[in-house]
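Both of the next two complexes hold subunit A, though its partner changes from subunit B to subunit C.
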Partner chain A sequence: MTAVVRALGRNRRATAGAVLLALLFALAFAGPAVSPWGWEDTDFTAFRRPPSADHWFGTTQSGRDVFALTLRGMQKSLVIGLLVAVLSTGLAALVGMVSGFVGGWTDRMLMWGVDLLLVLPAFLVVAVLSPLLRDGRPLVLVAVLSAFLWMVTARVVRAMTISLKEREYVLAARFTGASTPRVLARHILPHLASLLAVDASLNVSVAVIAESGLSYFGFGVRPPDTSLGTVIADGGSAATAYPWLAGFAAGLLVLIVLAVNLLGDGLRDALDPTSGRAR
Partner chain B sequence: MNGREAGPGPFARTAPGTAPGPPPVLEITDLRVTYEPGVRAVRGLDFSVGPGEVLGVVGESGSGKSAAALAAVGLLPPGARAEGSVRLRGRELLGRPDAELSRVRGKDLAMVFQDPLSALTPVHTVGDQIAETIRVHAGATRAAARARAVELLDLVGIPDAARRARAYPHEFSGGMRQRVMIAMAIANDPVAIIADEPTTALDVTIQAQVLEVLRVAKETTGAAIVLIAHDLGVVAGFADRVMVMYAGRAVESGPVGEVYARPRMPYTIGLLKSLPRVAGPRVRPVPVEGAPPPATAPDDGCAFAPRCPIAEPRCRDAVPPPVPVGPGHLAACVRADATEGRAEIFPVPVPPPAPRRPPRDERPVVLEVDGLVRHHPIYGGTFLKRRAGTVRAVDGIAFDVREGETLGVVGESGCGKTTALMEILRLAAPQEGAVTVFGQDTAALTAARRKALRRDLQVVFQDPFASLDPRMRVASILAEPLAAHGVPRARRRERVRELLDLVGLDPVYAGRYPHGLSGGQRQRVGIARALALEPRLLLLDEPVAALDVSVQAGIMNLLADLQTRLGLAYLLVAHDLAVVRQVADRVAVMYQGRLVELGAADALYAAPAHPYTRALLDAVPSPDPARERRRRVPPLPGDPPDPAAPPEGCRFRPRCPRYAALDGDRRRLCETTDPEPHRPARDADRRVACHHPGER
Partner chain C sequence: MAGFLLRRLANYAVLVVLAASLAYLLAATALHPRANFEDRVPRPPDAVVDAELSRLNLNDEVPLTERYLTWGAGVLRGDFGRTWQGEPVTAELWRRTWVSLRLLLAGTVAGCALGVLLGAYAAVRQHRAPDRLITLGSYLLLSAPVFVLAVLLQSAAQKVNDVTGVQVFEWLGETGPGASEGTFGALGGLGDRVRHLLLPTATIALAQLALYCRYQRSMMLDVLTADFVRTARAKGLRHRSAVLRHGLRTALIPMTTYFAYTFGLLLLGGVFVEKIFGWHGLGEWLIDSITRGDVHVVAAVNCFAAVAVLLAGLVSDVLHGTLDPRVRTGDAP
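And then the complex of A and B:
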């Protein structure tokens, strides 16, 4: 494990990703302190103004400061996005690996569960569960979002596991008497790392966008509070005429995804000695 | 660029001592192939072949033999560059545009590839594919081309050619596909055929058949043939001249009889000495230590010098030019004088003294297999899955292995030998029959007992490239079985060092990844891993099949030494009777999921009782041109039958030469009853599953 951490430290892309992510967190949580405007404040002298010295990211049509709003949204979205990505990808890896490796009835039951969740309309389930979500506790939101993001990846992981488990080095490990968790952790998981890293970084953006969709329906983060997804959704419709409304938020979202992606790539390289040395 | 010899074609036919023959058909001069800057696969190659002549090109993986062949037919991958000269009947081919080359390729110059499945288009019938090559080059009418295709298929020995011409490639077996490839190659009466390892993927009995077809092809077309192979056995019986390649250059060439009888380049001597043999007395093969240099290595001296037992400082001064050492015989060695008349230049490894063991009957049985069955169901049907049939992979086999001995299980691909091995390794109840390991019935094992039993029973896999996790260092790979069985960390590190030492690897390899090791070194790591828990029984699944011949001998000797030192019992599964002979005390021969013969190795090799065993022994090519030339007929006709529908009675009957020679009454027994292994009258230790054993 320490070897992986050290390899990560040597990997330039991983380092860049980690630094970028740390900067984004710093911006989201320390940024409001330097902003002249609070996220709830309204400037009645400036409606839908482009960025200026006064309002760095401009203002909305109700006169709220886009910089303050975006940072407030980022606080929520960073936490939600990262947690959802880790949880859903982790669940996908766990279910997929166990299903593919153990096989038999375990496999069939797990895949029935996956198919069931895939065909259930997510929003319908969320609507049924809405009393639970009304108060907008972020952890419940994270759980719900994760629950609907892992199934497709789990199926891919399962398929890859089935082909990996016939590899001779996996057989060799099993024939030495290594336990199933040990084989999964040492021989299967490292080979799925690149897939999972890509999946996790995609899930960050999907979670941020999906959360805004939920708030639109009255769940999740609700007005007047805001999230990155909400800022993008609200400003997106007028993006051509007033690009500052959503542009900065979208740009930050891209940066978040990029940071996670670099970190994921770095993790993959750290786990794979055959991929080229850190560049 | 030092050491590059000047002048065209030192290896060409105009070598001193050769009678001036007809002008060469295919002439290659100073061919160089570069894949990317610095990766030089072929480094100045000269050869020529005359009409109707067969040149055997022999080299191990990475010697540049395939790159040279691809360059000659202009099929190098994009990015690769070929320099020098390739002349077909005096016309230069190199540097010509692809469209122009296409008119030559497949017409005057044909190629037969190693893998006939990927060389044939899966969506067209083989008849159409052959007809197409005729139509493209000769402009024949559709009907004429088709008729000619059927003729060609008949010529290469495809039974019922008219009907089989309408079949698709996947409906043919590997050997039959290679016949189709040869039919396609000779379709336009080429003047030269290049066959790139045409038999490497095939079983020995099929290999003999395909070589016979190539002989027929040569006799009908009179074409010059370049036959590329990775060991000296295959080409011995067919080639007129042989050329040995090493690290992108020809190191020795000459008439077959001359080169095999009086090899002069140490590498050729090593190749011949390391080749296991089935005929003659049982001798230890002599390994060539080390590995060939990478294609990126600079040209500083003789490429073989680091592995050569008689290398001198001057060997590293310049690349040695080929010098004549006999009639038409050239060797690129500055010490060719030192190799004259003495072939014992490689140190013969001394085996550790064999311990005194009690006779076989008194030693405990470590593994007993009785009536083991493994059937794979085949499912069919479009909507409902229904059981459509059964592949009888293993169909009731019985044998035992006693302490400290080796049982070799031999058979062609698909005979069920690896399936049987995997069934034993599972340590679970088989579908039918019983497996008893160290006195414990695997059907009655608890999970804890099974795990404990795994310490005593370990496995070495065939492909050392696939059996080591590419993401783990050698130390972690070796420590894994120890960790799985709760060995403390400090002891693990110590044991890793012991293991590396045991298999003859330097301790620095502990920190390497598998991709930094050569094939032989990887297999040593695989063996070390199997030994980590101090097992008493090792299952070896084709442990040398994926390795070069010169490296195989080293691994086989290591296995033999480990057995004497550690008192291990081996169950060795292999397709190669020659390899098995080196280490096996007893041999079991499998065919179509059944054991057809079992007995003490020496007796079985000396007097095989089952016709299949005899055929397998006869099919092993030996590096003895005179012996190979005497053998005109392939030992076994036909292909193994479909394992899902074995023939009634004896499964070997359709291919059996003995059955073919029997009269009606005695045939009936073969047709109706599947023979069970029984003890023949003369040999109490032998089991033979044949109604008419021992007759020739």
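And then the complex of A and C:
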């Protein structure tokens, strides 16, 4: 993991992404403390007003403060994105390592499952499952999203595990009687750490986009709770006449994804020894 | 090549059957078409609702396996059942497929071609102004979800329409009312269709473009420093033809794999674009059917999407084989 931290400092893109992401986190979680309005408050004296000193991002049709709503949505999107990334990357590591290391029928069945999940259009399945989320349980959404994001990484991890399995030090560990879980955790996993770090950061952006997309259609986070997707969906139809309704949320969503993409791509460039040659 | 394709096809067929069955079982357990009848005023008697639901094979009192077998037997005959209002799903599926195809085709072709060209150009001009500009643009585009892109384009189009005073852009539906009866007749109708196509196509093309541009740039960078491009230069080819004939062709090979991977994303982008621009295609149908609990439509569209994704995989295999001679002879890495 220290390699990841060092790479962070070495690559300008990765540094920029990390700083931007940190700023966005600070805005999402410290912002509500500064704002005079809560996200559930309604100002009955200001309906659909443009941004002003009182309402920094303006107000909605029903008089809710867009700044507070947007920050609340950011919190949701960021937390869901992070949780999904960690869960799906963990699952990918587990399945990929077991599949590559154990081999045989276990491998064949697991990879077949991966193929099957790749064929099932994930968005459609999550949308069909959305009635289960009706009570606004975000953890169910996290679980469902993670279940569909791990397959490609699992294949990469499997391929790397197969090549690591034959290395002398792994063979030595196996012949001295170390159990499979121990070999996987102590000798294989450390080699995959940088790949997994990059993958997790890129998965954050996929998860954030997926979550906001589902919420946009009303299949993810539902009212009365709010996410960036619901804010954009509510304001998007009136975007030409009242740009502040969706504009700030859309801009912040793009910034979050941009920050995570910069971070992930920068890390990949810095950690991958072959990419330095071409650049 | 034939044996290789046949093996792939057999594997794909099993996957499609499984994916379609899973989609049906999921839809049948998670959706409740009965609610559509219970919300009616006055509420119809339970016996009538039961009879209607049973007739459509949507009754949740019938065991799931029994409903699944009835549905599966229908699908094998090429019949995807009926919507909860009793309309046949298959006919509507084909009609909407053409609508979606009209929308996606132009956008995909434009997006792929432009993305590959821009990516290759950026790689050749690496570290110079065009490269930096293209890289920045593709990063921003990649970070914008399709629905944000669509809303942005709509706002921009509104501005253009206001400034020029002409309805240059249209963003609702496929055609405007009465366009083909105007002074220009059928030609006016065609122009009207094109104006309706501009914005949705641009949305899809931009979303695709960014992705292909990123991939193509990194592929091209790997190839440009390769020995065979240097050899091509050494045997006397101009820089331009060495890069185009030897570099670009080789860099295109891995792109065929990405084409298969991004096809699913393309279908998904189509869902957003159809919903936002009011096209009555497959994507819009799916979203509406999920909210209405229309089990057979959801299963049919899922099945169609699975087939489409696998066909894209097959197309990419064939393209791969055409571009890379090693696949045909069995020496592929």
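Rule of thumb we're sticking to: the second predicted complex is superposed on the first by the 167 of 279 C-alpha atoms of A that agree within 3 Å, B and C clash if a C-alpha of one lies under 4 Å from a C-alpha of the other, contacts with A are read in each partner's own complex, and residues count from 1 in each chain.
The criterion applied here is as follows: contacts are C-beta pairs under 8 Å (C-beta built on N, C-alpha and C of every residue); 3 or more make two chains touch, one makes a residue touch a chain.
The shown structure was predicted, so the numbers you read here are calculated from the model rather than taken from an experiment.
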item	value
In the superposition, subunit B vs subunit C on subunit A residues touched	C
Which of subunit B and subunit C A:167 touches, first, second, both or neither	first
Which of subunit B and subunit C A:128 touches, first, second, both or neither	second
First (subunit B), second (subunit C), both or neither touched by A:254	second
Which of subunit B and subunit C A:176 touches, first, second, both or neither	first
Subunit B versus subunit C as contact partner of A:190, first or second or both or neither	first
Partner chain(s) touched by A:91 [first = subunit B, second = subunit C, both, neither]	neither
Which of subunit B and subunit C A:236 touches, first, second, both or neither	second
Of subunit B, residues touching subunit A in the complex	425, 451, 454-455, 458-459, 461-463, 466-473, 480-481, 483-485, 513, 515, 526, 529, 532-533
Subunit A to subunit C touching residues, read off their complex	115-116, 119-125, 127-132, 152, 205, 209, 212-213, 216-219, 232-233, 236, 239-240, 243, 246, 250, 253-255, 257-258, 261-262, 275, 277-279
Interface residues, subunit A side, partner subunit B - complex	167-169, 171-173, 175-179, 182, 186-187, 190-191, 271-274
Complex interface listing, subunit C residues touching subunit A	15-16, 18-19, 22-23, 26-27, 30-32, 126, 139-140, 142-148, 151-152, 154-155, 158, 218, 221-222, 224-225, 261, 264, 267-268, 271-272, 275-276, 286-287, 290-291, 298, 301-302, 305-306, 309-310
